[in-house]
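Only one structure is covered here, and it is reproduced in the block below.
Should a chain be cited, it is by its letter among A, B, C and D, assigned in written order, with residues numbered from 1 in that chain.
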């Protein structure tokens, strides 16, 4: 599903976010990406859906070689990837409903089906009553859940989640984790960056620890443990 | 684009115009003002060209007949003048008319001093089809029998032609400058609108929307905004010019004004089309920069 | 505002202009274009008014003397004419000059037909200070001894005054319309700039910045942008007009063009000031809405 | 320091964020505000620095009656309050350094002192090396720390913090908590909304639990416990 070989990422301002990353994630896996603030987790994730391009090395996702992809193939490629952004990236001019619906409209689903699926999805993340609210009329946690809903609504084969529970209380966080767990069981590969120690410990999934742009640990069933 | 996407686009255009109402109004106003300026310059050009033609058509050749010609001979000369190449029309001025005009221009008493004698001959005013022909035609006329003298504004033709051509060029220059100004103004405005929504565009791309899916609503929005702006401009320019033309025709009767409603409608329609065109094109072009995510 | 804040403001203006370079350029261009349009209209007005005055100053009263006056008497009449209220200047046209002019206008042969006799009297051209005075002065002249006949374009004065007034009004109308258009265009542009930075303003207020602390950099930025835009406009309009005036003076010598460099500089300075003024004022006014956090 | 009496907040779109809140927080206290997502924590916090106005009831902060305050007194009032926003609210056109410095410049501190204090503060939150980076060149956790630095740099008498560790790994989060702890010990009143169970449990400070816009529990030394 995902294959990274000797990947480095240096941002235009000179920041070396990733130094040398090689890893392989198989179809159907659930992988936690952990590491201290500024380690490079978000950068790694951005490489997966091609928001950023690697400065060196090879990134293959879903059979696509990201560095060789043509501009106009990108939308098609992204349709099979759901992304939960660390900063949510909701459309400020659209309601919660419209934000989630957008992911379906962009791939040409019929209005009726859009309506049905979006409503169901919003209920699933506990926002059935907030569908007409605009992002800035939602609490931080509510915005995060809209972002989650948008990422998973079109059953992507790969879900990348950048701290999807950072703004959620423990109970709501666990509801979301259950959602992700179920999606993963139905075959979606999940890569999730997180700081939530308890979640990682309890889920007992593969954990990749990143520090200073390098993979420092990669365990099949682990807990967060890094630094000194 | 599928049917579902088409429905999305229409809905999207409506809600986007409403939710960015402030930007929409600013764009409509900008396009309106730019189109008013452009429209005004177009009418200026039309009238400048019209005026130029008018001036040129008043270039005349005065043909004085020999004093001893009979009326028959004078009208025969008229026929011959009409038949000449390049002659548009002629006008007979009898010696009586000439004297009366002289009396009016100078003084009655001067005419009285002449003691009933009329020193003026019959004469013809000859108008040519093209101002450039005046000289040639005058020479030809000079050689006709019965013609005593041919007078035309030798020293006026050059400057006049220069002036009328200049008038046309200035008209075109004004249109060109104002057209460029309008287009730049509208483009800047649209670019700013798109710029202020660049985050939105980026997010749409990251969520998997194709370029055309993002582009269509912008294109249509640009067209709607341009159309509305252009229509307002048309209304303003149309009504303004109508008032202007009527005002001039009723007060400055000697100034010729373009007032063929057919031509006016064409210009106004052009304004609307240009508004829409720049609106749509501007949107598309501005969008390009931000679609590369 | 303390010294520390002043230093902050200066630094802030610089970095803000640089970091929002795209918006800065768009604003400068918009102001430039608007000011070019306004400047062009101002020069149009100046020339229209100048032209009107020129036309009016050519209104003349022709005073024909009685035929039997001696040269002494003629010049005595001239002195009396000069002394009349409202008379600006006079010009003597001797009977010889009158005949020569007639010959040129009509035909040499016609003059020959007169057999050496000159039917024209000496005459004066009288110019008045105000076109409205022509009628009254003409009447007064008519009652002077030695005057045979007074002729002035009775039926021309009305239309001419109408036309010249009209020319002035059109000039002012064009300036007014273009001034409004320019101001609206610039205001819209500035408002969009401020609008696109409303989040920034909100954050500053939430962090405890006072309104004036936020306002100053915007004010100065508006002034700088307006100044630069105005200067570019001045350059364009100034050079454009200079070329235009010279071109006309060398080719259309009979058309009067305003070319007092003093006046031109004033107009250009006005452009820069207006640009700066609208830039600063527009920023302040646009800001008001967003300062209420 | 803070007194709220029968406060309700209904947003323009009709959302009833706070129903009936009465509470009193003394000078020098350290108070955790906890509760599920959408409970009204951020709304309550926004009332404290007058981003939003209460629809009903009275809010007194630092001796100021917020509802009766005149428009031009607001900046002065806000100068004694440091705010860490849930969504950071960094100025996108300013570097990390300039963002932090801004809080000092706004109150007329001399350039030299601004430089010194800002540099020190950035080092304190572990961002000495990122001072010239713009917000979108920083990781989520780095942005959050810039926001923390800006809030505490001018020694406010009240610090309101809306989930200041949501994007931080456990170690960095604890460093920030230590910072806040020290500030609190030097006399700053702190009101902090958070979802971090372990932090609340370990700090042993007053905990106010909010649910559906009401205070449901208020304990002097407690842990997060709410919901079913």
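We take it that contacts are C-beta pairs under 8 Å (C-beta built on N, C-alpha and C of every residue); 3 or more make two chains touch, one makes a residue touch a chain.
Everything numeric in this text was worked out from a predicted model, so none of it was measured.
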- line: Greatest Cα-centre separation from subunit D belongs to chain B
Message: Rounded to a whole Å, what is the gap between the Cα centroids of subunit B and subunit D?
response: 66
- prompt: In whole angstrom, what separates the CA-based centres of subunit B and subunit C?
  reply: 23
- line: So, in whole Å, the Cα centroid of subunit C is separated from that of subunit D by 62
Sites on subunit B at which at least two other chains make contact: none
Query: For subunit D, which residues are shared contacts with two or more other chains?
result: none
Message: Based on which chains touch which, is the overall arrangement a line, ring, star, complete graph, or other?
response: ring
- request: Determine which chains touch and list them pairwise.
  value: A-B, A-D, B-C, C-D
Task: Would you tell me which residues of subunit C are touching subunit D in their complex?
output: 2, 4-5, 7-8, 15-16, 19-20, 199-200, 203-211, 213, 292-293
Message: Looking at the complex, which residues from subunit D come into contact with subunit A?
response: 11, 13, 15, 34-38, 41-43, 86-87, 133, 137-142, 145, 162-163, 166-173, 195, 197-198, 224, 227
Field: Complex interface listing, subunit C residues touching subunit B
entry: 22-23, 26, 29-30, 33-34, 36-37, 40, 62, 64, 67, 105-110, 113-114, 119-121, 148-149, 151, 159, 162-163, 166, 177-178, 181, 184-185, 188-189, 191-193, 195-196, 248, 251-255
- prompt: Mind pulling up the subunit A residues that touch subunit B in the complex?
  reply: 49, 51, 71-72, 74-76, 78-79, 81, 83, 85, 89-93, 102-103, 105-111, 150
